[in-house]
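Each of the next two complexes has chain A plus one more chain, namely chain B in the first and chain C in the second.
Then we have the complex of A and B:
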């Protein structure tokens, strides 16, 4: 059996590949485009049949309404909560991971126990957490949600960073210790720079987990600390949906993550592939 | 420079007793090589001296100062690792300067020392490069440079040449030897390669199963090994061991091979025999077997007829596989000695230099 293809067969195959790639790209990108498009449309354009594929003009009325009515503040709430909890989880988790990777603290059992916390569906503990928050007076507070998201993200951070740190050759740290560094100095001067890609990748995913959380934000907030996923549900009424507000708010809510991923994509790719290929 | 004293050093890894009572002194400016097979404890011993391993019992002194329990940074040592241990995010200059910066040495002094070390190692043009832009040999030079600038009284090398190809290894070995000649620092070097050990060491410490099997000058260990293990470890190709019996009748001692041949030991041979008949292993180094010509052989050299089974010329030497006393042996001849020679030949066996090993105790008689 011969695998050699004629030039014509190669051209056909290439064309087919591009066609499939184009179809898949459109399938994935179209909903995102549609979301953006709706956010700029008038209500008539939104419900028009046949559909208005491209908005007549780029109207910012929907966005202005969000800022005027104060709904855009929920984006800020989400930023503060997700940002703070991610920073805390990364800081604490990385040090824990270092301890596990280098000193084998708790042996294999502790490491497995930590990651097993992540395997539990959050819905299972929503009610007990709610009761605990009521008792502690933490419902509808920033620090309440920050604490919760930090706790939820810690196992993930510890698990990922343990792998990245373990991949750093031990000799590099030993060399630094012999050369005159303390453990802390070794961590900051050797481990931290070398684990940068892993840190960035883990930080982005940690942020996204916290950013996208809905169930805990819904149950544990009332009026003071509404996050953007919860705010979105306020536009979904029993009799009508404010699609223009839903889409505009969704676009605003996507922006921070989009910016973060764009800025850090160099580290993301390296971080993800480093984790995949273990020497 | 510093003298290193190790007293009754023990190291346990859980139930494994890795180092079993090491007593050793390394003199000021001496180049000592720890050598031995995998798992013998040589790297563990080196790392214990560095403070990278906690010891279970015993004491370590460097330069008259007890360092047992001190952190590596407080022992004032420099170390070169097998995998270079260069920081990939720092330039060559910053890699070499790393230890000095950690110890808060002033930048002008750092610059002076780095330039001097780079000049010594021929890496001045590489100072602004990153490690990934260097070859294996260049990286190892940078690693050595990082040790030199510390001006530490003790240098430790943990198999630094293992990752290099054969040619580069020879080059770097010469560099290290030259370095020791130039700076005369006390150096402890770990390797599993007996050629490195023989060529570099002032003194070899041969380890086996966590204990010192024998220590001494390279030629001493090679020519007067204490045990069969030492005899077999040093020398390439390794020593041939032929099962035999040592027969002693008064002052006459003969070696009886399994094929019935009897070889009379010269009276000058140092072996002492207590029993009339004793099983031994006859140790013959490949270099002590030659092709016996027609001329009379010197005293202590005997003829043993044999048949060449394999001939392997390397260009500079020829290795011949044959049998003595029914046991396969390897002989090392000059490059052209087998030319025009029949497969049926006679060995000239130099019994003056042979070793007799007690198979029960592994001691050389």
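Then we have the complex of A and C:
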């Protein structure tokens, strides 16, 4: 879309766009940089006025403190919980999505009900779930939180995978069936590989959601099972904010998600666009 | 290999009908367990009078529901939530659109920019709130320093405490975190707009404004609808960012409905009343979402 621009005008536009893009990116990323920088500063540098824009050296003291005091264990907790629940949600959700996409099980009503589950605000769900968990003795347990995240992510997985599976041509499965495959084999040999980019994109978002969740973890855990966002809020006292701990913990906690997103980047843009554009 | 084939042989004995129900069964079971059963239980509790001091589970009628109408803090919470949603959503939409326009045409290195810009969205909202709390800090936050520099003299801005600044602080953090989400969605949508239509309009000499209104916007309307629905719902239940920045303060000035429900449920342990509030929220949401979904069906 150029609207009758000469090559020279186009070059100027491109340079302008680069400039604006660079400025915008710096603006958006500066807070993240600031957080990152603080995690490497000494207490003197953190509390310096005017602020120290670039830390003197890359000191890992703050990070080491986290590991020594055992706070980094919360990252492990988050990994176990988010990983397990995502895997479960992806598996069960994709099975369900396949059934919905190919057999229209339960019709529109079932699909609508499943989608409506995603629209519930967590606070509304967490309260009765909390009551139920107290009754079942599942508060502050790994399996309790895993079950909850699985349930909360299922509607999203089902919704997205139903769309992706519907996009796979039916003929592939039909020819596999004619060749003597069972439904189950068809699912694994035909549908599963073809839906790979959709699976990746959905899996990443499911994981990110479970990883970043705060409200469920806050309410359903006490002392045994602390996840990373909850641990972060423990540092936010009224008077003394442990800035160095907050920033180091934040960076540590964002790292797994950042790695996952970067590795699976090429699936993501396609994944989002397919999901959104098809609806 | 042999175990797999013999298992699938046995599975193939099931007809299609059994297969499709088997596939949905585990997911539905979990959804019923976590999604439906607790809601029903909570509904029952809302008709009782369980509080911190009273464990009496007898039926109390509409006691809690009558209190809903008298509870001004509840309605203020809803108002706060509506305010945040009404301001943040259009801002995120507009900024996301502008960003998408910026990156729409091909440019080398675009992948890198897009990957970087996504970063705020994948942060935990608690991390985002903590980050901006650092930024806004009155003594050593960059925001204060920059504003002071521009104003010529040091300023003393208590972003997370000053009643005039708390909402801007929350909105800045929120819009900062979620504009990239809108940006990604709109970028994908704009990329799919029919190029031949745009070229035809350009040849006919149409101004950019007209092209925007009559070709581009109608083409991306479905995506905008979905984006608005998703972000709107997320904004309605905003909790983490506010918790990290102001904890609902000063006083209850930034208390949204999620925060208020948390306070009455898990600080005051007004169990039955909380259940009634939860039911009210579910009702409100169901009405709004059904209305929106119906309108969306018409849009398509």
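In this section, the second predicted complex is superposed on the first by the 260 of 279 C-alpha atoms of A that agree within 3 Å, B and C clash if a C-alpha of one lies under 4 Å from a C-alpha of the other, contacts with A are read in each partner's own complex, and residues count from 1 in each chain.
Going forward, a contact is a pair of C-beta atoms (placed from the backbone, for glycine too) under 8 Å apart; a residue touches a chain by one contact, two chains touch by 3 or more.
In this text the structure is predicted, and so the values were computed from the model without any measurement.
A.B. asks: State whether chain B and chain C clash or fit side by side on chain A once the two structures are superposed.
C.D. replies: fit
A.B. asks: Just checking: does A:31 make contact with chain B only, chain C only, both, or neither of them? Give me first, second, both or neither.
C.D. replies: second
A.B. asks: In the superposed arrangement, does A:48 touch chain B (first), chain C (second), both or neither?
C.D. replies: It touches chain C, and chain B stays clear.
A.B. asks: Once the structures are superposed on A, label A:17 by its partner contacts, choosing first (chain B), second (chain C), both or neither.
C.D. replies: second
A.B. asks: Let me test your reading of the model: by the given contact rule, A:194 touches which partner, first (chain B), second (chain C), both or neither?
C.D. replies: first
A.B. asks: Between chain B and chain C, whom does A:182 touch in the aligned arrangement: first, second, both, or neither?
C.D. replies: In the superposed model, A:182 contacts both chain B and chain C.
A.B. asks: Angle at chain A, chain B to chain C, CA centres, as a multiple of 10°?
C.D. replies: 90
A.B. asks: For chain A, which side has the bigger count of touched residues, chain B or chain C?
C.D. replies: Of chain B and chain C, more residues of chain A lie in contact with C.
A.B. asks: Where does A:172 make contact in the superposed view: on chain B (first), on chain C (second), on both, or on neither?
C.D. replies: In the superposed model, A:172 contacts chain B only, not chain C.
A.B. asks: Should A:257 be classified as contacting the first partner (chain B), the second (chain C), both, or neither?
C.D. replies: After superposing on A, A:257 lies in contact with chain C but is clear of chain B.
A.B. asks: Aligned on chain A, what is the least Cα gap between chain B and chain C? Give it in whole Å.
C.D. replies: In this superposition, no C-alpha atom of chain B lies closer than 9 Å to one of chain C.
A.B. asks: Please identify the positions on chain A that touch both chain B and chain C, taking each partner from its own complex.
C.D. replies: Touching chain B and chain C on chain A: residues 182, 185.
A.B. asks: Taking the touch rule as given, give the residues of chain A at its contact with chain C in the complex, in rising order.
C.D. replies: Contact set of chain A toward chain C: 1-4, 14, 17-18, 20-21, 24-25, 28-32, 34-35, 38, 46-51, 92-93, 95-96, 98-100, 102-103, 105-106, 110, 114, 116-117, 119-125, 127-132, 147-148, 150-152, 154-155, 158, 182-185, 208, 211-212, 214-215, 219, 228-229, 232-233, 236, 241, 243, 246-247, 250, 253-254, 257-258, 261-262, 265, 268-269, 272-273, 276-277, 279.
A.B. asks: Which chain B residues qualify as touching chain A in the complex?
C.D. replies: Within the complex, chain B touches chain A at residues 50-52, 71-73, 77-79, 81-83, 85, 87-89, 98-99, 102-103, 146, 150.
A.B. asks: In the complex of these two chains, what residues of chain C are touching chain A?
C.D. replies: Touch residues, chain C against chain A: 8-9, 11-12, 16, 19-21, 23-24, 26-28, 30-31, 33-35, 37-39, 41-42, 45, 99, 102-105, 107, 111, 113-120, 122-127, 130-135, 139-142, 145, 176, 179-180, 184-185, 187-189, 191-192, 195, 198, 202, 208, 222-223, 226-227, 233, 236-237, 239-240, 243-244, 257-258, 261-262, 265-266, 271, 274-275, 278, 281-282, 285-286, 289, 300.
A.B. asks: Write out the stretch or stretches of chain A touching chain B in their complex.
C.D. replies: The contact residues of chain A facing chain B are 169, 171-172, 174-182, 185, 189-190, 193-194.
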